[in-house]
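Please go over the structures that come below.
In what follows, chain A forms one complex with chain B and a second complex with chain C.
Then we have the complex of A and B:
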């Protein structure tokens, strides 16, 4: 499953990054140090944080994409930083819970294939 | 021991949002040098946590990364207030970060524990009112 597969399924707004990046799992969290020690390479990270440090954490952990949930909006400099670092930023109005539930469903579907 | 590659960075204490620049640079350099993704991840996360700590607690500092044939050494030095109780500071969940830092998603008390977790050795030398020096090594 790729980023471009989840964008239409979850109704996401893609701001930056690589749509062909493979997604192998999902991680949810807002405490950046916690996320840094637990999120894995190629996972989709769902958070309500939208500040510039999100881009640094996403880049260091090398997650496949970041979904900024619940209508939170990153500022322009955050989007610029994401583009410069090749971090895939996705926006959603949905709650973290409902996005995580949908991701769980998609990942299960993928496993069953 | 042969000559090490050395990268030096000044960590700006005023600008919280630029924290992470040094670790991002190191990540890029290590990638160019052909290190494995696991090594790169460990070094860059440990360094990022250290950078954040220097910005939050010490008004900035300096970071040096040495690449030896057998390990990568990260040396972080600041002239901040020092750590009163290093053992306590190493405990997961213990934090003295102010609320504005917590609002940014930091201050979970995971910084030093993460640095220890991701490196093969770590020493903390700290003196109140003088500063803190942290040396971390990741075996390659």
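Then we have the complex of A and C:
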């Protein structure tokens, strides 16, 4: 399952990054230092945080993409940094819970294939 | 990091890496006003570096390209309505009085304030990691005070006993805990 597969399924707005990146799992969290030590390579990270440090943590953990949920809007400099660092930023109005539930469903579907 | 004491450990290690001989870590609490100050006499930073500290893509490390010490502390302070300010004098421009002063303010009554946590372990870990640096740790809260000055301990122990000695560290932990115990009375 790739980023470009979840974008239409979850109704996401893609701001930056690589749509062909493979997603192998999902991580949810807002405490950035915690996410930094727990999110895994190739996971889809869902958070309500939207500051520049999100891009740094995403870049460091090398997650496949970041979904900024619940209508939080990153500032322009955050989007610019994401583009420069090749971090995939996705936006959603949905709650973290419903996005995580949908991701769980998609990952299960993919496993069953 | 779910405890402020871990942020304090992280940020004070910057002073250690700057080659400081003396580091003061001071916590002052007045009502819900929580103020952390870290003062060192390390090599300091030029203004162009200070200006970039809030940028997580700035780091002096060569092993990775992201530095989050100051950005994380700033985020923790700002999410309570406080902030971080840093002033620094670089050794090239101030050969006699170089060093860095970091001040972070928090509103400890704010719901997003991270609890202080195990500050005693932070103090002990810093001394253990850098037994040759002189640390002054001070914590003042509404009239109660805790102070630990490694210079004084060093004077008593003499030059031959390193502060990283397990017995010394155990004594230091007990000495600090005793002072905090007085607060609860």
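Going forward, the second predicted complex is superposed on the first by the 113 of 113 C-alpha atoms of A that agree within 3 Å, B and C clash if a C-alpha of one lies under 4 Å from a C-alpha of the other, contacts with A are read in each partner's own complex, and residues count from 1 in each chain.
The rule is short, and it goes like this: a residue touches a chain if its C-beta (ideal position, glycine included) is under 8 Å from a C-beta of that chain, and two chains touch if they have at least 3 such contacts.
Bear in mind that the values here come from a model prediction, so they are computed numbers and not experimental data.
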Overlay on chain A: chain C relative to chain B, clash or fit: clash
Touching partner for A:41 - first (chain B), second (chain C), both, neither: first
Touching partner for A:85 - first (chain B), second (chain C), both, neither: both
Contacts of A:30 with chain B and chain C, given as first, second, both or neither: first
Touching partner for A:52 - first (chain B), second (chain C), both, neither: both
First, second, both or neither for A:62, with chain B first and chain C second: first
Chain A: partner with more touched residues, chain B or chain C: B
Where chain C runs into chain B (options 9-17, 153-161 or 171-179): 9-17
Chain B/chain C common contact set on chain A: 31-34, 36, 51-53, 56-57, 59-60, 85
Sites on chain B touched by chain A in the complex: 17, 19-20, 23-24, 27, 37, 41, 44-45, 48-49, 52, 104-106, 108, 110-111, 114, 117-118
In the complex, chain C residues that touch chain A: 1-2, 55-57, 64-66, 68, 71-72, 75
Chain A residues within the chain B interface of the complex: 30-37, 41, 49, 51-54, 56-57, 59-62, 77, 85
Of chain A, residues touching chain C in the complex: 31-34, 36, 51-53, 55-57, 59-60, 81, 85
